[in-house]
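Which chain is which? They are A, B and C, in the order written, and residues in each are numbered from 1.
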Amino acid sequence: MSTKQSAILETTDLCKRFGGVLATDHVNLNVLKGEVHALIGPNGAGKTTLISQLSGLLKPDSGQIKFKGKNLTGKPAHKFARAGLARSFQITSLFADMTLLQNVALAIQANAGHSFSFWRDATTDDRLLEPAYHYLQTTGLAGNADRLASAVSHGERRQLEVAMALATEPSLLLLDEPMAGMGTDESNLMVEILQKLSGEKTILLIEHDMDAVFTLADRISVLVYGRIIATGNKEQIQSNPDVKAAYLGEASNGEASNA
Amino acid sequence: MEASLLLIQLLNGLQLGILLFLLSAGLTLTFGIMDFVNLAHGSLYMLGAFICASLTQLTGSFALAALLAVPLTALCGLLIEMVVIRQLYSRNHLDHVLATFGLILCLDTIAEIVWSPAGIAIALPDILNGQLEVLPGVVVPVFRLLIIAVGLLAAAGLYLLVNHTKLGMLIRAGASNRTMVGALGVDIKTLFSGVFAIGAALAGLAGLLVAPIAEASIGMGNEIIITAFVVIIIGGIGSMKGAFIAALLIGLIDTLGRSYLDDIFKLIMSNEAAETAAPAISAMLIYLMMAVILAIRPQGLFPASSR
Amino acid sequence: MSETKLKNNSKPRPLSFWINAILLLLLAVVPPILFITGQPFWLDVFTRLVILALAATALNLVLGYGGLVSFGHAAYLGLGAYAVGIPTYHALYGGMDAIASFNGFLHLGLAVLVSALFALLTGAISLRTRGVNFIMITMAFGQMIFYAIVALENYGGDDGLTIDVRSEFPLISLDNPLTLYGLCYLSLLMALFIVYKITRSRFGLTLQGARSNEERMRSLGVNCYRYQLVAIVISGAICGYAGFLLGNFSTFISPEMMDWTRSGELMFMVILGGAAFLCGPIFGAAAFILLEEVLRDVTIHWHLPFGLLLILSVLFFRGGLSGALDRLRSQGDKP
């Protein structure tokens, strides 16, 4: 594994056990500054468990998570976010009863420091609204700013997830299956959006859609049964025998999600 | 502080704890299985007391009345479940709380119409009315011992229910999960009604046990229900074992606090100050205890699995 | 819970704005007219209504906008009322020189401070839990104050305490029912304005974000606990102030006014009006109190139909009045 470039996120021997199952098994993962790093793996490989630990929602049993050189192991989720690690959710997690603009504004506000301001009207505050519009634009949602999050389509909600993650101006964007459940058009739009971002943001992408992964990722790590069995660029991964073996039973599955 | 007096107070505390357990057991069942918060549980306790009191006057026999009152209260519970509660399972906890709050107003007023606002006191039969010298110099009313015995019996029954039945499995799993209940091959409607009726029966049992000591009165359930809530918060909501232990703990602490706190305070402050402070502090004692326990363990002493 | 109205700029004023405006105007005009035309009874009813609406507005901040089901708000009413009663008692009968006084500013300050402090302490513990636990714990803490006052026999305990002299202020006298009503009404307007400003501020948005999706808020890096605690303290302080007014209005105070069932009534006022609807609590309080007056006239067992109506409202009147308004103009943006 190459750590010549500076790693922004680095885990050492990360372990998480549920009952008798090691859902995360001594995971050593490096995400380098500026890259798009994809984490793939068959269903049940422990991707969700891993990402929950990487965003502080779940505490690892042992091992270490270092982010920008700081040890964040065992810290609560909001400390991870504060440190500059933003995530989107696989199961869309929004403020359903607020408008898209307000959703993004909340994220900006959260990033701007404390919100103990009781008097100034935040709903007309351009310091919130202008950047909020900007991120909606970046993610192709500018036309839907005033609609309720509960009223827009699935694909648009996923785009909103990304907009909100971006709004916290993270050093690392953690995207949990941004294409899940999307139709082809929606997927393509999302790939386009992410491609535009790939130059300027460090992204850790968890995704089933292999086309998307191979289009977007600089490097790929493969997670099987809680272990990382390979890390490398597209060609290295495609020719890796272990990966082939692991995906043999799943190959049809991987194809199916492209359909 | 005499040892025999202390022993009597301990028994009193135990008795209160047992009553609290009977109430909180019903709350635990309905919460554990249906995920339902029932504020009107105290009204069932009141109904049990009134039904037993009326039947005692009617039949002249407390024992017979008590035997009848339990199934009758369960029947009331069943009726309430079918008419109101059932509509609420799919709602959130706020709706549960609000609707059962309305239910309390209704049930209290119905009791007022049926039994008059004055309340009914009943006398115990001679056998139960006596005193028993359990230890040399320690005389306790027979009925109090009976309450403790009945309560422990009910606790044993619930222990079997929780640890050796399918229903118990659900409670232990902290499963307020319909699909899981359905997976067990039980008709959910019937199951929920049955569980609610059992809870009502337990509340009725507690009510009828209190009737001869304290008389049946309107609103009697509304005071004790909060204490029962404190019990299940401390015990860990949804946990039967937690409810049992916390009930006894609260019963003892409340009783002993009220009897001895002023003596303890007098050791550290003037008599006058102690006499003002002690009643107020002892009235707050169980709540303060709750606060301390929650500050350390927000989920209570025996949390019923992560929820 | 009902939808939020955070951003209505650049649109014509919504229906709810006009309804609120008319309601507030009516409350300003009708009760004084009733009083002047020789119906002082109705001024009393409206004074109580406005005070309870004020308390419910305070609760709305936590329950409606914060999504925190606090079942102990009657305790603040009680604390506020006893902050009038106890100093007045000592001013008349001696003892406790530090607080013995008829001074209204002292009463008011005491009411707000004690309530805020109680909110801070109990909120800090209650907020460590969520859901049912939170409901029951706030309920238990409320009841703790109830029992504490019952046990304070110096101040009448269970029997309550008569406030022989109302809080004294320069220039105005609360003994004049119209003045008292005016003070209560202005206080309500003030509280509405405060809650309005807060809910549109960054603080308010954070609070509502936490209600909507607390986990998401955390993953954005927000520690919701602190915001919710501050909201509880503000709410407690306003509610304590309502208690100060209630003490001066009723001049007889007892633990009964902080019984947990009173807390339940306050919650109903908020929910009937529609949670997170600015003037909802006023509608709720009005519905509650006027219904109470009407039913009380019909039967002494008025709690029975009243309870039934409450149950029915939970079952069939979801979202309260604001929910009904939403449905009225439901062509909008809802799924």
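The rule is short, and it goes like this: a contact is a pair of C-beta atoms (placed from the backbone, for glycine too) under 8 Å apart; a residue touches a chain by one contact, two chains touch by 3 or more.
The structure displayed is predicted, hence computed values, not measured ones.
Q: So, comparing each chain's Cα centre against the centre of all protein Cα atoms, which one is closest?
A: Closest chain centre to the overall C-alpha centroid: C.
Q: Could you find the chain whose CA centre sits the greatest distance from that of chain A?
A: Chain centre farthest from chain A's centre: B.
Q: Where the centres are mean C-alpha positions, what is the separation of chain A from chain C, in Å?
A: 43
Q: Determine the centre-to-centre distance between chain A and chain B, using the mean Cα coordinates as centres, and give it in whole Å.
A: Taking the mean C-alpha position of each chain, the two centres sit 49 Å apart.
Q: Mind checking the centre-to-centre distance between chain B and chain C? Centres are C-alpha means, answer in whole Å.
A: 31
Q: If you look at chain A, which of its residues touch at least two other chains?
A: none
Q: Could you please specify the touching residues of chain C with respect to chain A in the complex?
A: 1, 3-4, 6-7, 9, 197-198, 200-206, 208-209, 212-213, 215-223, 227, 230, 333-335
Q: Using the touch definition from the top, list the residues of chain B that touch chain C in their complex.
A: 31, 37, 39, 84, 87-88, 91, 93-95, 97-99, 101-110, 112-113, 222, 226, 229-230, 232-233, 237, 276, 279-280, 282-284, 287-288, 290-291, 294-295, 298-300
Q: Which stretch or stretches of chain A touch chain C in the complex?
A: Contacts found on chain A: 55, 57, 76-82, 86-87, 89, 93-99, 101-102, 105-107, 109-111, 115-125, 128, 146-148, 150-151, 164, 168.
Q: Show me the residue ranges of chain C that touch chain B in the complex, using the header's touch definition.
A: Going by the criterion above, the answer is residues 69, 71, 122, 125-126, 128-129, 131-133, 135-137, 139-141, 143-144, 147-148, 150-154, 259-261, 264, 267-268, 271, 301, 303-304, 306-311, 313-315.
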